[in-house]
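Order of writing sets the chain letters: A, B and C. Residues in each chain are counted from 1.
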Amino acid sequence: MNVARSIRTERNQPAAYLFIAPAFAIVLVFSFVSMGISFYVSLHDWDGFRGEGQFVGAANYVRALTEPNSVFWLALRNTILYVVMAVVGVLGTSLPLALLCRRARYGQSLFRTLYFLPSITPMVVISLVWIWLLQEWSVLMDRPQTALAAIALVGVWQASGYNMLLFLAGLNDIPQEYYDAARVDGAGRLQEFWHITIPLLRNTLIFVTVMLIIGSFQVFTQAYIMTGGGPQRSTEVLALQVFKNAFSYAGQMGYASAMAWLLFAVLFVFIMIQVRVFRSRRIYDQ
Amino acid sequence: MTVARLRVHRGRRGRLTGLVAFVVMSAGAFVMIYPYAYMVGASLKTRKEFATDKANPIPQRFRPTERLKHARGEPSALDWPGADWPVLRNYTDAIIYGQVDVFLLNSLLYAVVITAVQLTVNTLAAYAFARMKFRGSGLLFALLLATMMLPPAVLLVPQFLVVSRLGLVDSFLGVVLPGFAGAFGVFLLRQFFLNIPRTLEEAARLDGCGPLRVLWCIILPMSKPILITLGLFTFMGAWNSFIWPLVVLSDQSYYPLTVGLSLFRQESGADWPRIFAASVMGSVPLIALFLVAQRYLVQAISLSGLKGQ
Amino acid sequence: MIDLAGGGGRLRAAGSYVRGLFDRAGPTRDLLRRARRAAGRREARPITLRVWDWWSPSTTEDYARYFGEIERTFESRHPNVDVVFQAVPFGNYEQKLATGMLGEHPPDVFQCSVVWAQGLYRRGMLRELNDLLAATPELQDDQFMPPTLYHSRDGGKVYGIPHIVDSSCLLWNLDMIRAEPSLHGMFERRPDGTIDFRRIRFDAVHDWQHFRAIAKRLTKRRSASGEAASGGEGELVQAGFELNAYGMGAGIFLPWAASNGVSFQDRPGTRALFDTPAGAETLGFLVDLYWTDRVCPPFRRVLTSYGRFQEGRVACTMGGTWSGKYLVRNTQGWMGFGMTAFPPGPHGNGYSTTTWANMMVMSSRCRVPEVAWEYIRFICSLEGSLLKLRHLNQNSPRLDFYGGDAWAAEVRRRPYLANIPRICASGAPHYHTQTQAVQDEVQPIFEYVLLNWPDIQAGRARFSSTADALHLAAQRVNEVYRRHLKVVQGWSARDRRRGTQGGK
């Protein structure tokens, strides 16, 4: 880490512990400590109301992974499908939109404002409007095959503006000289794109993709508001299953905790990539 | 917005491309805006208008064709019951019957408290990490960073269990407590503080100022932009937060607007125009805030990696 | 509702509005209350009685009037009590209860549906009422219709008092029946022999075959010449019966199954009982109505209840005995409708449906049980029933209710109420164990069968027959029951060890 050192040596300042104490207390309690409690609960048949349960060891994990017609695998499958659709959808709209926005003759800043609006609107509001838009103009939400695509559409609609701005920032970092040099060499538009834009945008691309993946894995609001698990469980996503088991069914909070831990395990790889990319981007990429 | 530099290619081909890009972007902008128009239009409709024509956002009694028909004496939408519905009746109904003003106040309270406390706590911690030397600072910072690895969905049940143990379920503190500190904010602020030249501080330190004085008098005034940016993002995130208040609250007089809207949705006999009126009232504050503070937010995105919802 | 007090001056009105807002919003209200208490000021009504219900004043003005009168009457009789209502949507009730009972504002009294009562009692959320009941003559068992007492007790322990009785029923559009002279036998006749077009006979439909025929007669399609006529091809103008695939869960299957002699579960909730030939026959009957007889409109997700029926596009749909007030309000009175029970199926034993009596219960975290019991007594007494009749057109499980003048007058005013007592009395008990989890298991299967019947018949689908589908559904439901039973037994074991009974 790049930490500037002063010439004189500094004394240890115990006051520092006081400074960091509030942040640490809260962050640690609500992250590590809570995960520990949740792990403990996942080893029990726990009821949220009674605040207690029977110790069952790994039974909840076993049930999630091996139960015939396990809802966990179904939810995982749905969630992965959603993630793929959302990531492809967002990348496929926000990158071209960013490129187009830079080329547009008029109104660039107006476009930036308009496209960003969905990102600052509560997802609940967006879901409520899109229920009716989808109901009126399509049968997407009725059929189990397409209901997931419908909520992915809503997710893409919301996120594309924000990601468009991310790409715009990334594109702005590419020096104009490269393009000019390429033009002199006689490169066409497509070659410019392939050989200059994409490689130099790599950092941003990776960053956006990883953030999208992690964010999409946690989809909840659209499924809760629009479909409630959907026609024949086709939109039963992991976060929704965790919610239902923890809070709607009696005595299944341990099972919900087990599912949350399994979700964490699935996400772990992506999270490690995120941290790695994040640190490199922030610290070295001033 | 001053961040992006315009790159408009010259030449006729460039102009044509620019025009085409403009047209395509406008079409996309229409797709982005149309749901808002639909929402506003639906919020002005009567129940019958909404039930009979869901596709067209313009309420029937306002449409010129219907008004012409009515003027000519032909049967039209203006003959339906409720045609004299006051324009903003759904909004006043949402407030009177739906208690939307309570929800808005709650959203405001939660967002303001979370933002204020988080900024304070994060600034203190960031300053300590950036400027103060103490044993284990590296390890502790790494620990803090590590907490960013835990995604919110995974933390939902664990946080509920902690709040439940603390006896804070269904209370104001229960809603805001997990939001009182964010590792991400500490990280950003620390980055910013590290980049502030030390000269002023050293001068102040020579004069005998303690670390708190230095923070308050020197660092903070220089950090206005990042504080405003971080504050805005925290505020918006707190305003839009849905799943945590949904899980932790059951007393409806404590609901923020997001949870209140989901409540309306799930009632039997839901009055959709009224729901849309409440939705409009819930979106407008943030949009207004965004328009006022665009500069900071767009800067923040290019600094970015700031978490969405 | 807020009252903009303040005679003069906009500023004063604004000030009083803000004060009122702070009084209504939870965080500020409780903060002010704590401050007032710390300052030593006593409150006018020191006892707060928190009442929860899924009936919401914001959905109908009728509920607003009903709760308003309840509050006024009760508060005038108990001047030191402040009744605070909270409306919680039915679908979120258990979740909100579980959270609310953990927090600072648990409900004291709430309306409890039969689908949750057993589970809540086993979890320890409900207070036993045997001691309070012993001292209250007007709420004894002999005052109520027997089927209504089924769900509010377990092993001799009473945890709820029924206050309304509901049943599923068939809703009929009487105007459409009237347009078919051959169906006029379905109407009641007045003593002088003329047809009363506002009332449908309880036994209007003789059996399932008859139902099919009626539905077919009432299905009109636009023929090539542009006219609407029964049968034939062409665009559907009027449907005979509405079947919702997307809402198709146990709640839709059950009444028809009951009329075919099929029960859903045993009383303690250990086994699913619907996996029988009669059950398969029921599902087959419903499927045939859509795919073979084609009397139903195309399947669409419905976001509003009885939407198509209200719009006058279907002649018959499934609803409940409580639907009347909604229909009257939503159609603003222009539609004539009636209710009947479900006709007997081939294996059935007379008209049947499902009946349940929602109950008033006291939470185990109630801090003022005497006041809460007074409230329950008020609601479940004849006086409370008459209030419900006046405001909500809701009928009561009390036997003395039906002998009174009020009911007779109401029936004369609203003829659709006439069949309700017989409908309720004919019903079988509604399923009640782990209903949310059971519904989540069963609904996808029923939906699948209804939506993909042609594939099932062609042998391309997951199931080979309705019996096959029911078999899987029963398996899943039994799994839910088994899991639940294991958890409950664990709780009982801990309670016995600790020497306590239920709850925190």
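Please note the rule applied: a contact is a pair of C-beta atoms (placed from the backbone, for glycine too) under 8 Å apart; a residue touches a chain by one contact, two chains touch by 3 or more.
Worth saying up front: this structure is predicted, and the values here are computed from it rather than measured.
With every chain reduced to the mean of its CA atoms, the largest distance from chain A is reached by C. For the pairs A-B and B-C, the larger set of C-beta contacts lies at A-B.
Remark: chain A and chain C have CA centroids separated by 39 Å (rounded to whole angstrom).
Separating the CA-averaged centres of chain A and chain B is a span of 17 Å.
Remark: chain B and chain C have CA centroids separated by 38 Å (rounded to whole angstrom). Chain A has residues 48, 51, 135, 247 in contact with two or more other chains. Shared interface positions of chain C, defined as residues touching 2 or more other chains, are 99, 102.
Looking at chain B, one finds that residues 164, 247 touch two or more other chains. Those residues of chain A whose C-beta lies close enough to touch chain C in the complex are 45, 47-54, 69, 131, 135, 139, 141-142, 229, 231-233, 244, 247-251.
Those residues of chain A whose C-beta lies close enough to touch chain B in the complex are 1-4, 6, 10-17, 19-20, 22-35, 37-38, 41, 48, 51, 93, 97, 100-126, 128-130, 132-133, 135-137, 157, 159, 161-162, 165-166, 168-169, 172, 176, 207, 211, 214-215, 217-218, 220-221, 224-225, 238-239, 242-243, 246-247, 253, 256-257, 260-261, 263-264, 267, 271-272, 274-275, 278-279, 281-283.
Considering their complex, residues 51, 81, 95-99, 101-102, 105-106, 109, 164, 168-172, 174, 247-255, 263-264, 266-271 of chain B touch chain C.
Contact residues on chain C toward chain B in their complex (touch as defined above): 1-2, 21-22, 24-30, 54, 56-60, 64, 86-92, 96-97, 99-100, 102-105, 304-305, 307, 311, 326, 332.
Chain B contributes residues 1, 3-9, 15, 17-19, 21-22, 24-26, 28-29, 31-33, 35-36, 38-39, 42, 54-55, 121-122, 124-125, 127-129, 132-135, 137-138, 140, 143-145, 147-162, 164-165, 177-178, 180-183, 186-187, 191, 194, 198, 202, 210-211, 236, 239-240, 242-243, 247, 257-258, 261-262, 265, 272, 275-276, 279, 282-283, 286-287, 290-291, 294, 297-298, 301-302, 304-305, 308-309 to its touches with chain A in the complex.
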